[in-house]
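Once you scroll down, you'll see the structures, which are given as C-alpha cells.
In what follows, chain A forms one complex with chain B and a second complex with chain C.
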Partner chain A sequence: MTTPLLEVRGIDKSFGPVQVLHDVAFSAHAGEVTALVGDNGAGKSTLVKCVGGIYPIDSGDILFDGKPVQVHGPRDAGTLGIEIVYQDLALCDNLDIVQNMFLGRERRRGLVLDEASMEEMAQETLSGLSVRTVKSIRQQVSSLSGGQRQTVAIAKAVLWNSKVVILDEPTAALGVAQTAQVLELVRRLADKGLAVVLISHNMNDVFAVSDRIAALYLGRMAARVKTADVTHAQVVELITSGRSGDLGIMP
Partner chain B sequence: MNKVKELPGEVVATAANSPSIGHSVRAYVERVRGGDMGALPAVLGLVVLCTVFAIARPAFLTAINFANLFTQGAAVTLIAMGLVFVLLLGEIDLSAGFASGVCAAVLAVTLTNMGLPWYIGVVAAIITGVLIGLMLGGLVAKVGIPSFVVTLAAFLAFQGLVLVLVDEGTNISIRDEVIVAIATRNLPPWLGWATYAVGVGVYAAVQFLRARKRAQRGLAADPLSLILARVGSLAVIAGVAVYVLNLERSRNALLTSLTGVPIVVPVILVLLIVWTFVLRRTAFGRHLYAVGGNAEAARRAGIAVDRIKVSAFVICSSMAAVGGIVAASRASSVDPNTGGSSVLLYAVGAAVIGGTSLFGGKGRVLDAILGGAVVAVIENGMALMGYGSSVKYLVTGSVLLLAAGVDALARKRAAAAGLR
Partner chain C sequence: MRAGPSQEDIRRHNLGALLRHVHLGGPISRAELTAKMGLNRSTIMALTSDLTAAGLVREELPRETGRAGRPSLVVRPESSRVYVFAFDVGPDRLAVARVGLGGVILDRKETVRRRGPFVVGELTGTLAGFARQMRRRTRDDTVCVGVAAAVSGGVRKGDGVIRFGPNLLTEDVPFGEELGRRLGLGLPVSVGNDANLAALAEHSRGVGVAVKDLIYLHGDVGIGGGIIAGNHLLGGHDGYGGEVGHMVVNPGGRACGCGSRGCLEAEVGERALLESAGRFPADQRGREAVRAVVEAADRGDIVAQEALKRVGDWLGLGVANLINIFNPEMVIFGGILREIYLGSAAQVRSRLALHAMAPQRERLRLRTSALADDATLVGAAELAFAHVLADPLEVLARAGT
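On to the complex of A and B.
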C-alpha cells in the first residue's frame, strides 16, 4: 500500500480536564476521499483543527508524505499544502469572490495589489473545477447562495496547489441540488489527485463520494475501513456505539 | 421534485466580456434596491439641503459663502476621513475630537511657547496623533477593552490634557505664517486651474490605462462610455467649483483682493487620494475590509488582526492631528475648546452620513468628504437662516440619527434580500 499523504498517529488532546482525543490515528491518501464520521462531540472538528494548526496537540505525530512535521499555526498547514474548509465558512461577505480566494495571500506588484493576475488565477481555478454557477467572479460573496459560497470556499482551498483538502460538513446547510453540486466538486478534487477528507453526518453523502471511512467514537478511533466493505447500518452502529460486529473498539 | 437540476447559469469564461454602460447602471440600481446605497443618501441630502438654503437665503449661493463652506468643514472632514478606518473595523473612536485638540495644543506650544519653526510643530502634532493611536489601538486590540469604553475614557482624559497644555484655560495664539495660511489663504487662481487640469488629466489617464490593460488581458473592463461619464462629471463638478472659488469674493475688491481655491482643499484632496489608494489598492487596505467584514475569517486567512486594528486607530488619530492643525490654523489660536463640543459628533456624523457603516466592513474615504459637506452645509445654512446653536444641534443630531437609521435599515433589507 502507498504511503498516505497525511497521517496522524497517537494524537492526544485535552481541553483542561476534558480529554477530547485519545490516541487517535488517521490517514488520508492522495486521489481518495476519506470520510471522517462520528457523533456530535466525537472529536471530528478537534482532530481537524489539530491538523490545521488551530489547536496545538498534547502528544502524537503528524506525518506529511511519510515525513514527520510540526504544525504550529494555519500558516504552517498552508505551507505544507493542507487546506481546511470550515463549517462556518471563513469567507468575508463584504468582499468579492476573487478577494476572498486570495485573502491573506494577495499577489502584489511592489506595493500595489495585482488584481488582474489574481482575477485570472481565480477564473482558471473555478473553470478547472468546472464551476459554472457563478455569474461574475467580481460578485460580492454576500450575494451568493449557500452552495455557491461553499464552492468558493472549496475553490479557495484548491487555488494554492494544496495537496490535502479537509472539508468540515460542507453540505450541512445546503439544499438537495446544491448538495449534489458540492459532492460532485468533492469527487472532482480527489480525481485531480488531491487527498480529500470529508467530515459529514450524512450517510448518503459519505457513501456517495468516499473511498474510505474513519469513524470516531467519544474521542477514540473506532474503525478505519473501505467504504465498499461496509454497509450503511454498520457505519451507523460504529458512530453510535463505537463497534459493529468484529469492527470497532472491543470492550 | 421537477426542479432538482440547478439552472446552469453563465459559464465563468463569458463573464469576461465587457459589460455595457446600461449593464453597469442596472447593476447599480440593483445594489441600491438591495440595500447597498453607498453615498446616495449623502448626495441626495446635499442636493436637497443646498436647494432649500439657496431658495430661503440667496446669500447661501454667493462665492464667499461657497469658500466658507470649505474652510468651515475642513477640520471635521479630515477627522471623519480618519474615523472611516476605525468604523470599517466596526469599532468607534469617541476621542478623535479631543485628540485633535491635544495635537493642536502641542502644535501651539511648540510654535508659540517654544518658538520652533512650523514644520517641527506639524511633525510634533502628528507624532502626538500617532502615539495616541498606538495607545488606543493597543488597549482595544491587545488588552481587549471595547473601543467604546477606551475612547470614552480617552475623550475625558484628553479634555484634561488640552487644559494642561494650554495652562488651564488660556488661549495660545498662533502667528506662524505657514500654519495660519493653511485654512485662511488661497491658491492663486492660475495654480487652482493648473491643479485642476493635472488632477482631471491624471484621473482620466489612470481610468483609461486600467481599462485598456484589463481588456488586453481579456478581463471584464469598464466600458469607454462609463469612463467618459466618470471623467466628464468630475471635470464639470471640479471645474465649476474652481471657477466659483476663483471669482472675486472680497467686499471691497479695490482694497484687498480675495480669490482662489482655499489651501485646505488641495490638502484634503491629496489625503483623499493617498487613503483611497491605501484602502483600495494595497493588501493592508484589503485586510482592513476583511477584518471589518469577518474578523474570524481574516484570522484564519493568516491576517494579523491585532496589527490591523492598531494601525486603524493610528491612522484615525493621525488624521485627527491633521484636523487639529487645520482647526488651529482657521482660528489662529488654540483654546481648551479646540476639538471639543460638537466636533467629534459632527465627524462621526460626516462619516456615517456619507455611507460608512457603523457595523464595519463598508465605507470609503470619499464618503467622509461627502458627509462632511452635508454637515458643513447644515451648519452654514442654519447660521445664515439665523437659527441659534440649539436648532443647529437638534438638526445635526437628527441627521446623524437618520443616517444611522438608513444604515441599519439598509442592512436589514440586504439581509432580507439574501445579500448578507
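On to the complex of A and C.
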C-alpha cells in the first residue's frame, strides 16, 4: 500500500480533566476521499483541529508524506499544504469572489494589486474544477447561495496548491441540487490527486463519494475500512456502538 | 495475402489521427503532436498544412511561452466554421445542437416533448425546422459535415431504423432516413441509442476520459446503458447491445414496458420511484418529478425516503451484476440516475459490498456524469463527427467547399 499523505498516530488530547481523543490513528491518501464519521461529541472536529494546528496535541505523531512533522499553529499546517474548510466558512461577505480567494495573499505588481492576474488565476481554478454555477467572479460573496459559497471556499484551497483538504460538514446546510454539486466537486478534488477528508453525518454523502471510512466512537478510532467493503448497516453500528461483527473496538 | 496499406491509406489515417487529437484534446502545439503521434516533424507539418488548407484547423503563434527559442505553432480546430447537427429524441424532450469541431456547442434549442404516440413526420418536421433556423443564423463560410441523432430506443446498426422504443411508444420507424429527407442537406443521418452515445460522450469528453472499461447507466423514463470495453462500445451483433435496463433483477416483480416483469428499468425507473413515493399519477413527470422525490426525502418525508431506498437497493443489485460480469474500472450514473445515486448511495454501495465480488469492486470507481443533461447530445455530435475523423479531406470535399 502506498504511504498516506497525511497520517496521525497515537493522538491523545485532553481538555482539562476530560480526555477527548484516546490513542487515535488516522490517515488520508492522495487521490482518495476519506470520510470521517462519528456521533456528536465523538471527537471528529477535535481531531481535525489537532491536525490543523488549532489545538496542540498532548502526545502522538503527525506524519506528512511519511515524514514526522510538527504542527504548532494553523500557519504550519498551511505551509505543509493542509487546508481546512469549516462549516461556517471563513469568507467575507462584503468582498467579491476573487478578493476572498486571495485574501491576505494578494498578488502585487509594484505598489498596486495585480487584479488582472488574480482574476485570471481565480477563473482558471474555478473552470479547472468544472464550476459552472458561478456567473461572475466579481460577484460579492453575500449574493451567493450556500452551495456557491462552499464552492468558493473549496476552490480557494485548490488555488493555494493545498495537498490535503479537510471539509467539515460541507453539505449540512444545503438543498439537494447544491449538495449534489458540492459532492461532485469533492470527488473531482480527489480525482485531481488531492487527499480529501470529508466529515459528514449524512450516510448517503459518505457512500456517494468516499473511498475509505474512519469511524470515531467516544474519542477512539473504532474502525478504518474501505467503503467498498462495508454496508450502511455496519457503518451505522460502528458509529452508534463502536463495533460491528468483527469490526470495531473489542470489549 | 492482402497487400499492405497504400501510401494514400497511411496519409488518410494520419490525417484522421491528427484531427482527432485536436478535436478531442483542444489546441495543441506541433511539438506536442510530434511527441504524441510518434511521427517526425516534417510529416506533422505536411499533415497540418493539408488540414489547414482544407479549412479544418488553423495554426497560430502561442500567446506567450516564457521560454527561449522559436515557439512551436499551436494547431486549433476551426470550431466556428466546421460543424455538425446533433439531435436528441427523448421521451420528454427534443433537443438540437449545432456543434463545432472540437466539441463546442455553438447553438442549441430544446423543447418539451409531450408523451404520446410517436408521429415520425411531425417529429422530424419539428427537428428539421429547428435546424433550419440555426442554419439561417450561420455565416456563409461555415460548413455542415455531418448529422446524427440520439434516440431513446433500440436502433438497428447500419440503417438508423428504430426497432423498439417502448418509452417513445414506437417501433420499426425509418427515423434516420426520414430526418435526412426533411433536412435536405444531402447528408446521411447516423442514428444511435441515446445511452450508448452518452457512454461514448463520457468516454471521450466527460468523467471517463482515459478510462478503457466503463459502464454508463442512463436514467430517463427507463434505464439505458452503454458498455465500453477496451475503449470500444459493445454494440452487439445488430446494434441493440447495452440494454441493461431490461436485465431481470426481480422475476415476478413490476411489469415493464417491454412486456416482461421485474426488469431493472421496472424497479428503478421513473414510474417505480414515483409509485413507491405515492406520487403516481402525478402532474409532474420526468426529471422534475424525480428531483421532487429526492428533495422530499432530504427534507425528511418518510415515504419519499423509503421509495428512494427501495430504488437504490434494486439499482445496487443491478450494478453488482454488471460489475461481476464486466469488471469495469468505472460506473457512471447519468440522467435521473445521478440524483437517484447521490440520494441513495448508501443502499447502492451496500448492495455492491454484499453482491459484487471482492476483486471486481476493489478498484471500481463510481461517478456521476460530467456532461449531465448534455451527454446524449454530445454523444450524437461525436457520432456525426466520426466519419470526418475517419477521412477528413474526402468528407470536406463532399460537403462542397
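One rule holds for everything that comes next: the second predicted complex is superposed on the first by the 249 of 251 C-alpha atoms of A that agree within 3 Å, B and C clash if a C-alpha of one lies under 4 Å from a C-alpha of the other, contacts with A are read in each partner's own complex, and residues count from 1 in each chain.
Keep this in mind: a residue touches a chain if its C-beta (ideal position, glycine included) is under 8 Å from a C-beta of that chain, and two chains touch if they have at least 3 such contacts.
These numbers come from a predicted model, not from an experiment.
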Q) Touching A:22 in the superposition: chain B (first), chain C (second), both, neither? A) neither
Output check: A:91 vs chain B and chain C. Expected answer is one of first, second, both, neither. What do you get? first
In the superposed arrangement, does A:138 touch chain B (first), chain C (second), both or neither? first
Chain A contact check, chain B vs chain C, more residues touched by chain B
Mind working out whether A:227 is in touch with chain B, chain C, both or neither, as first, second, both or neither? second
So, does A:203 touch the first partner chain B, the second partner chain C, both, or neither? second
Could you look at A:181 and tell me whether it touches chain B, chain C, both or neither (first, second, both, neither)?
first
After superposition on chain A, the chain A residues reached by both chain B and chain C are 176-177, 180
In the complex, chain B touches chain A at residues 3-6, 8-13, 15-16, 34, 213-214, 217, 219-220, 281-283, 286-287, 289-290, 292-294, 296-298, 300-303, 361-362, 414, 418-420
In the complex, the residues of chain A that touch chain C are 130, 175-177, 179-180, 183-184, 187, 203-209, 227-233
Chain C residues touching chain A in their complex are 291, 294-295, 298, 338-339, 341-350, 352-354, 358, 361-362, 364, 366-368, 370
So, in the complex, the side of chain A touching chain B is made of residues 54, 73-75, 78, 86, 88-95, 99, 103-106, 108, 111-113, 116, 119-120, 123, 126-127, 131-138, 140, 142-143, 145, 147, 176-178, 180-181
